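Taking it in order: structure first as structure tokens, then the write-up.
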Amino acid sequence: MSKPQINKVVLAYSGGLDTSAIIPWLKENYDCEVVAFAADVGQGDEELEGLEQKALRTGASECHIMDLKEDFVSDYIYPTVMTGAVYEGQYLLGTSMARPIIAKAQVEVARKVGADALCHGCTGKGNDQVRFEGAFAALAPDLKVIAPWREWDMHSREDLLDYLAKRKIETSASATKIYSRDANAWHISHEGGELEDPWCEPSKQVWTLTVDPEDAPERADRVQLSFDQGRLVAVNGDRLSPYQALVELNKLAAAHGVGRLDIVENRLVGMKSRGCYETPGGTVLMAAFKALEHLVLDKTSLKFREQLGLEFSHLVYDGRWFTPLRESILAGAEAFARQITGDVVVKLYKGQATVVQRRSPNSLYSEDFATFGADDVYDQSHAEGFIRLYSLSSRIKALKEKGNN
Amino acid sequence: MSKPQINKVVLAYSGGLDTSAIIPWLKENYDCEVVAFAADVGQGDEELEGLEQKALRTGASECHIMDLKEDFVSDYIYPTVMTGAVYEGQYLLGTSMARPIIAKAQVEVARKVGADALCHGCTGKGNDQVRFEGAFAALAPDLKVIAPWREWDMHSREDLLDYLAKRKIETSASATKIYSRDANAWHISHEGGELEDPWCEPSKQVWTLTVDPEDAPERADRVQLSFDQGRLVAVNGDRLSPYQALVELNKLAAAHGVGRLDIVENRLVGMKSRGCYETPGGTVLMAAFKALEHLVLDKTSLKFREQLGLEFSHLVYDGRWFTPLRESILAGAEAFARQITGDVVVKLYKGQATVVQRRSPNSLYSEDFATFGADDVYDQSHAEGFIRLYSLSSRIKALKEKGNN
Amino acid sequence: MSKPQINKVVLAYSGGLDTSAIIPWLKENYDCEVVAFAADVGQGDEELEGLEQKALRTGASECHIMDLKEDFVSDYIYPTVMTGAVYEGQYLLGTSMARPIIAKAQVEVARKVGADALCHGCTGKGNDQVRFEGAFAALAPDLKVIAPWREWDMHSREDLLDYLAKRKIETSASATKIYSRDANAWHISHEGGELEDPWCEPSKQVWTLTVDPEDAPERADRVQLSFDQGRLVAVNGDRLSPYQALVELNKLAAAHGVGRLDIVENRLVGMKSRGCYETPGGTVLMAAFKALEHLVLDKTSLKFREQLGLEFSHLVYDGRWFTPLRESILAGAEAFARQITGDVVVKLYKGQATVVQRRSPNSLYSEDFATFGADDVYDQSHAEGFIRLYSLSSRIKALKEKGNN
Amino acid sequence: MSKPQINKVVLAYSGGLDTSAIIPWLKENYDCEVVAFAADVGQGDEELEGLEQKALRTGASECHIMDLKEDFVSDYIYPTVMTGAVYEGQYLLGTSMARPIIAKAQVEVARKVGADALCHGCTGKGNDQVRFEGAFAALAPDLKVIAPWREWDMHSREDLLDYLAKRKIETSASATKIYSRDANAWHISHEGGELEDPWCEPSKQVWTLTVDPEDAPERADRVQLSFDQGRLVAVNGDRLSPYQALVELNKLAAAHGVGRLDIVENRLVGMKSRGCYETPGGTVLMAAFKALEHLVLDKTSLKFREQLGLEFSHLVYDGRWFTPLRESILAGAEAFARQITGDVVVKLYKGQATVVQRRSPNSLYSEDFATFGADDVYDQSHAEGFIRLYSLSSRIKALKEKGNN
């Protein structure tokens, strides 16, 4: 396809080396105005500090920074938790959940500034390009999309540094950066370096958010999470906003080395990658949420909820947030989550988060069955009838086979 | 239903208080010969020692003890592991998997001794009665089934002790036994006592197989598991039989407090129960198996395997082992498992089993993609086309909606 | 269990032989007042006419008849259609959907008249007892339940006629009734007689609602159905209430022999049964609804909707209407159904209902793709990239295997 | 990507206008030898007659025609039938199943003749390109792939005719061809023309294989299908090869107008298309197979088989035949299919195929339950216990809620 005409483009800007190079590159290659956009999804102040100046210095005409922290937790993280989604049985979807809210805000900025194009700094081998562009397709099919990594012929940090140096654009980035990381309120991810060999154990320097379990306190802590209709509303009795509750959980869990994960996963684009993740608060939150579910949901409901979670994990990972399928699965999950109210105590110790107490006004567990009157609720003699009918098809099959021989 | 006529009954006998009382009760109430049967599924020598004498002394005419340890691991545990089945996201199905093999062997004894009935000591409120009788229905629909707990009017250990005392049958059982436990090569379960309150943290005395993580060694150990076509064949390089490999894993993992679980679960019979489980080797085995899957199975395969595991977890839990559905799911899982060959290193530390290394000749992960030649395998420019088509329905929907307005 | 004490019981009364005998039997056996209750779910006036007098004559103290026709169609049938549920790939769930609404109304009557028990005339081998009592358990766990067919020792129509004759209670029922039938606005079912042999083709006298396709008009008719958010709102352009729309469809379809079904199905209670069903309007409605879905839902949405339908078919068949699972699945299905607006033309001819035209404002189908501008939406060159990434794991696997050899 | 170097290419050749133009185009554009390959998958002699001469005349150096009819039916169609796969609830996958066997044979020819590339004539907007190239990726990742429709700038039949005329290559193709069709032993598909408007009813000239139901015989026919372990082995008592059995079924069903289908479907590449299909024998075969399943499979098995079919329908449609997922699903389906033995009679009348009789040695249906002795198999009193436990969680929930208020 021929190169599109562009007047103004909104770039998802992080201030890192890649997007710093993208600003001049866009201007040179598309002869357009570049508006930088950064979303605060809880990645930490160090990433956001001085971002506007940096963007303008690098050539952006404007820089918009939006605080999406509470929305991210309320509208993306908690709903996903309600589905129980865990990608490939392990990954808590930290990066995946952040992309749609960033893309959505980016589109909003584009509308506001009258841009005709969107740009992101994702590489051509990863999932994030699909997540961004999937969102763009759904929210702004009329806007053009530029993905420099798929277009330019730079292939390394050295190439980018050279590019900037030639243009006399200052950068604090160094040529050697071992790991590629992505952080937000929910997690941080790490790729690259020795992790590229799945037979290689991650070194200590991989991890940045949590203490090493071996260095964690010798004494366990216990934290109490309180849920109302599937949403975390208090930590250790303190009512907190969704985001603040997560921040608090992160602090408590990280101190005990909770939430580290080291996996090989299937990318949407057909290849495998090895990544390490730290999701301290999220690990505790997910464990607590599921413990309440175990108290509240009956057998068939819980099984179906597991199916919803399996489907949703792929949907989120695969960048299909803005689709009718998301609305359907979430509606199904929320119907269950309305019952998920109660308290859970989680023990934190040396990397482990262990649920040790749970209670709910909607609990179906009954310690003392007699409170219903044994006769009214469960008569052991009922079991015979149950078993006879429950296994009736097996019995008939066996009798038939006997008769056939 | 009127009481059936019975000549000879084979009892699943454990030597515990319940089945000790059942022997005289059967003889008195059915005027029949009682053959005791015990399966060695790895529950430990202390349970099996002196069992025959005890059975005969209590009134059994014969006592058959069958060593099922290797068969249990080969034909029940490893196939279940291949499906990835974890009941309600947590329980590794230790008791559930043991029931069908015990029931099957019990039927074989019944055929050998010419019995016309089968008896078990399961209570009327649990899952095990369904698992035993489901197996009986499939394997011996012609044999009668006696479930004393649903029939007699004894309700407590005191009642049973009185019953035996009146008949001058000695027992070493005491009136006070806090927890109800079930052990085999894969796990031990604990119920009762303070566990009946889900808001109560398990006390130290609950656990019997694993050391408390807080008392576990300060130094981590690493264990290497080698798999061939989905089956564990070596531990730390030593080729071991299926059962011996599991025994070795149990020993290593238990020393680090690995494999404890404390959950509320949905019983098949409609109520919830709270149980604690220790599955030290199994926890390590399952983690290692899944780590290899992540290296070997592509995205759609892994998702389908997760569906198989979800279905199989309920099948096993619900006592449907001897059904066509088991054959179908296992056939599907084995087709994948044929690729699951390789090594995994698991770090054991303070209750945690963490996969830190994995490799496989069938790995789809490629550290150095260039080995295939970048052009031959993945061209970043392909991503644009992929994304365009992948999100095409979102784009069309968005354009249509725009057009509609 | 010992016989419960009962003062007043509400009986689901049809006026047929079974429930006619149940009234005196309840009074004799429980020494209680019997309130008859009948639901008008569209089974036809002949069944309802004179019902009150008959009930009082037979010994009931009161007779309540509730018109549930519109609610049945709005709140049970249309939601089920939205899930696409078809039990075992064939059965449109006519009887299954009616039981929960009848049971719910029966409970309401029981509350109003201050009854302490509920009674139904379902046999002990069928699904309906589970559906009634499952609803009772969820809606009125405090009320006692009487199921005469599981209690008394009558086993045939002759027994019942004798029973009534001895009590000089008149009945118009005859000793010979070949088929057991159940009718409502959605369908009529037929069991018994020669149908008990699945190798026997149903005779002409089985069918009561539809003309034999071989006797249907030589000329096809076409009917247009209009949907708004998943609900049928007009037939051939006439806006009709939910129930009236179904009545109209029934009339049109029955005249062409549409909606006959002859199947063997798995009952919930473990045995198989053979039944014939006539669902003329429902067959047309379901076909039309699905045709709109094909126009509106994208691939992943439609696949998930099929999963919802599979789950929901079992839920409804198995009598689990009043459960959290129903709420979850319906919420998921309704999220999709909000898009299902448009018109469908169905051709009716000699037993067949064939969708021949469909249109929707939410259609994702685009006849003339160029309206979006070919470049903007789909560039054929995109397909290469799509295919490369889509099949990348296959390629890697093949290359790896080649390398391994 | 730059144009690859090619010496010899094997083209999937049909003799139609497209692939006739591709031969000279390949030679001109790649300066390579072109080997034509055609698979006989039962599309009919008229398509195959004179094919070799035509290919050579058009410029091919060789023409290989392989008879795949029996393999197609045995190894692709019958296994797919065993899974019950029906894409989006309607499409019987005729074209989808043929692509992998053709691609596999094409690769075999390429190996034999020492080709370094493969070529197909599929357009860039359809599914078939993905199916071909997905198979190529799995079977011959080392071979280059040429897809002329995505490369050249011809866009219409006129363009192709011009192209051939300029090169003085004769063709019998005409400029006006309304419908695009694809035929094999299982079906024929039709696209294009008035079908591009889903609100337009197909005209009579669309259909080529089946008589119009309105013109079909006034008298119904009945055909008996006999299955052995899931495979059709006899028609009306005549044992036939897999392919011959299908041919016979096609003949019988087509005469009664059976097997027409008119749908809008979701293509894998993200757009919708409207197609008409004729699958006369396949429609009868699928109906008969499922009728036997209803007799033989228990409830949970049948539900799982429906899930397998849903997954498999997408797998086949999406061109994932040569993947581990196919092996897994098929292994699961075959485990069930081993029981599917017996006879089914299907009535053919005016476009309808109605199962009217079915029997199987493995049937779980029991006409006369008494043959097992009522007491041994089903005691109506068992139902109470079944229902109590089956609805126990509903009862507990209701009691809890009452207690909460």
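Residue numbering begins at 1 within each chain, and the chains themselves are lettered A, B, C and D in the order written.
Note that in this section contacts are C-beta pairs under 8 Å (C-beta built on N, C-alpha and C of every residue); 3 or more make two chains touch, one makes a residue touch a chain.
These are the chains along with the protein names UniProt gives them: A, B, C, D = Argininosuccinate synthase.
What you see is a predicted model, and the numbers here were worked out from it, not measured in a lab.
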| task | Kindly list the shared contact partners of chain C (Argininosuccinate synthase) and chain D (Argininosuccinate synthase), in label order. | result | A, B
| task | Count the residue numbers both chain A (Argininosuccinate synthase) and chain B (Argininosuccinate synthase) use at their shared interface, divide by all numbers used there, and answer same if that is over half, different if under half. | result | same
| request: Go through B-C and B-D and name the pair with more C-beta contacts between its chains. | output: B-D
| task | Give, as an integer number of Å, the spacing between the C-alpha centres of chain D (Argininosuccinate synthase) and chain B (Argininosuccinate synthase). | result | 41
| task | Quick one: report the Å distance separating chain A (Argininosuccinate synthase) from chain B (Argininosuccinate synthase), using the average Cα coordinate of each chain. | result | 32
| note | Residue numbers in chain C (Argininosuccinate synthase) touching two or more further chains are 141, 266, 269-271, 297-299, 307, 320, 323, 363-364, 366, 378-379, 381-384, 386, 389-397, 399
| said: With touch defined as at the start, can you tell me which chain B (Argininosuccinate synthase) residues reach chain D (Argininosuccinate synthase) in the complex? | reply: 1, 141, 266, 269-271, 297-298, 300-301, 304-305, 307-308, 311, 315, 320, 323-325, 327-336, 339, 375-376, 379, 381, 389-393, 396
| message | For a test of understanding, state which residues of chain D (Argininosuccinate synthase) touch chain C (Argininosuccinate synthase) in their complex under the given definition. | response | 84, 88-90, 123-125, 129-130, 133-134, 137-142, 147, 149-150, 196-202, 213-214, 218, 220, 260, 262-274, 290-291, 294-295, 297-299, 302-303, 306-307, 310, 314, 319-320, 322-324, 345, 347, 349-352, 354-359, 363-367, 369, 378, 380-384, 386-387, 390-392, 394-395, 397-399, 402
| said: Using the touch definition from the top, list the residues of chain A (Argininosuccinate synthase) that touch chain D (Argininosuccinate synthase) in their complex. | reply: 298-299, 361-364, 366, 372, 377-379, 381-386, 388-390, 392-397, 399-400, 404
